[in-house]
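Have a look at this one.
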């Protein structure tokens, strides 16, 4: 399993250092993203609460403005709507798109704009029902302002939603994939390095033992030779170094 | 309210009445001389030689003619309103036929009186000087006056019943409780014609063309 | 997320309306309406004679025009073209479902609000 | 001279007078309105209207009923009744009835003219026109490209031609604000109608003068109040006042100079007839006069029914029927928008 969830690296000390640095970066990033997600979430919650509030308010405002229209129609007659339709020329009410920055996320916001130009609508209903018509107009402008606000909120909501999703994906990716992977890699590298160390130790031990044995043998031979010289010349005892005992190869691995 | 607002008919009636009144006064003031504006002596001769039969005939025709005119006038005033009102309230037609019948009654008065008068009418021969006997002249005038009385009484009575009947139809269509109340008014209006008839009958009662 | 067309943003973007006659009348009275030289308007009156393809066409037109920032659409009309509204994800122009006077506002149906309530739990 | 009318009126107009009174009895009563106010949905209203004079006029409508459909159907009923009467009418009642439609005609012409300036589709425009204000050549109104041509080709044949020629110069036609044009035409129409009624004489003249005086004054007051704070100057405002009515000319001088409600009120206080109107105007606040005016109009209309043998009933009937349509619209809208609390605010009881 560990082989699956780790980076394919050669377990060396250098690599270990690199991975460790990456892990550090990932943790830091994770923390930061967590913070960003929190900030966005706070904003998001605020936007949500406001959307719910504004939406209910919108229901009320729209109802009011619809009723104002009823009053206008009551006073000025049903035909007034045709007059209104025919008086449409250029929009006076517009919106401006601006952006707001929340934790590095650009949120589009709309601003209500009224170019204030003298409108033909002002004269509508001059002879009959002018007042309710103007009331209706004011009510509808109010409704529009509210709707623009709501549109901003809604767009913010969508943008925030997207941003939060991305951020959360990143946080989760860091938390659940990258960091475990790095950690696994570190553990793996550490394990491998330990193994190597242990092998080396064992080998050193072995060499030492061999060396000690050889030394002992050599000493014994020397003692024998000394004794042979002393006891009969050493013609036969003059052992040849070359065809002496088999000298084992010394193995230096690694 | 200027004089033009009164309406042309009223205006002309007023003019004609005032002119004839002035002429009448003028005639009365200087009646003694023969070259007066109105020569009353000559006028007497003119009327004295009129055949009583002509007068009675005129009386009969006025009795029936004016009564029928009044009745017809009343019926069309009532009738047009009745028909219009009955479009939305068909229930009123049978009840409001009473108004039409009242108008019709006016014509019947006229017919009755006319028959009465016609049966009295006889031909008389004139005297030698072209004059007629006093009694036949009186009978002629009586029948003429009787006819005129009945005729004019029935004319206005018919119009009156017609106008009230029209209102009656309109009110009944709106509120059926009003019918009886307005009917009472209509009955009063209708009685007017009867007054004329009574007087007419009394007037002609003693008319005798020939001295017995 | 950027402005769809830089040229128009200076003097503002328009608000488009797809709604029943009375609602549109109200908004026109407020001065939302715009009819340009080519007789193209930024509102659509939906009555008994308006067909769903008409609404769809207008919706698509408004979403792609570039000089419109907000589209107000009556909720019952949004229901007619729900598939389009649901699949629409761009933030600008923003789609806003509004109540109409004879169709009381139903928050459950609103694409956005259903998500909102879902998130608030 | 009332008597002479009683003698001759019915010869031509008796049937129609009775007929219009019959139509009048079909108007909804306070009881009907009370029942309508209890309705919870438009279908309830439809059901209830079925029991009244309206009958089954909504029967064939598809179920999601619209307020505009109700209003349209009611208007259609009014138009049918009116047309029926117009067809039966002989002179001078026919002309009188025509005069009643000129107001709608002005609205229609103005509608088509604006529509033409904005290059709308003619058929669409014609559908929006009030059916009472139709005249034969109205469809050709749209062929004209500019106002001068419009006048020369079409309006000259319509009954409105004198109003146009008298008060609007052709060079004005192009740049004139459409609302000002509408009100100028209305002014000419009022004056002409008043003259016509005077000419008819009798009860008709008496009652109609009274009513038209009120209507003209209402228009004057409305113009004053509605033009406050707009670009309309005092002189322009004064030009739009009809030269008839109780307020003419003394009161109009005062109103032309008025800049707020208190001044209007001060002017009106000199006219005790309008006490009901100005007592509704609070000091310093925006009054809603329309209902007060409607109530007064209905009150005067009912007065016409007390007299017989005059044409005023036709005008009164039109006013009352219009008010009834407004009432129905109000009730339906209130029911539909669930504004039951305000339902009684808009109803003007006729009977």
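Should a chain be cited, it is by its letter among A, B, C and D, assigned in written order, with residues numbered from 1 in that chain.
Assume contacts are C-beta pairs under 8 Å (C-beta built on N, C-alpha and C of every residue); 3 or more make two chains touch, one makes a residue touch a chain.
From a predicted model like this one, the values you see are computed outputs, not experimental measurements.
Hey, what chains does subunit A share as contacts with subunit B?
D
Taking each chain's centre as the mean of its CA atoms, which one is most distant from subunit A?
Most remote chain from subunit A, centroid-wise, comes out as B.
What chain sits nearest the middle when you go by CA atom centres?
D
Could you tell me the distance, in whole angstrom, between the mean C-alpha positions of subunit A and subunit C?
Taking the mean C-alpha position of each chain, the two centres sit 35 Å apart.
Between subunit B and subunit D, what distance separates the C-alpha centroids? Give it in angstrom.
Each chain reduced to its C-alpha mean, subunit B and subunit D end up 47 Å apart.
Per the centroid of Cα atoms for each chain, what is the distance between subunit A and subunit D, given in Å?
70
Quick check on subunit C: which residues sit in contact with 2+ other chains?
Only 21-22, 35, 101 qualify.
Going by the contact rule already set, what residues in subunit D reach two or more other chains?
68, 118, 333, 337-338
Mapping chain-to-chain touches, which pattern fits: line, ring, star, complete or other?
Shape = other; not a path, cycle, star or full graph.
If we use the touch criterion from the header, which chain pairs count as touching?
A-C, A-D, B-D, C-D
Under the touch definition given earlier, write down the residues of subunit A that touch subunit C in their complex.
Those in contact with subunit C are residues 48, 51-52, 55, 58-59, 62-63, 65-69, 72, 81, 84-85, 87-97, 99, 106, 108, 110, 113-115, 119, 121, 124, 133, 136-137, 139-141, 143-144, 147-148, 150-152, 154-155, 157-159, 161.
Can you list the subunit B residues touching subunit D in their complex?
Touching subunit D: residues 5-7, 9-10, 73, 76-77, 79-89, 159, 162-163, 166-167, 169-170, 173-174 of subunit B.
What part of subunit D is in contact with subunit B in the complex they form?
Its residues touching subunit B are 1, 4, 6-7, 10-11, 14-19, 21-26, 201-202, 205, 308.
Provide the residue numbers of subunit C that touch subunit D in the complex, in ascending order.
21-22, 35, 39, 48, 101-102, 104
Show which residues of subunit D lie in contact with subunit C when the two form their complex.
Interface residues on subunit D, with respect to subunit C: 62, 66-68, 118-119, 333, 336-338.
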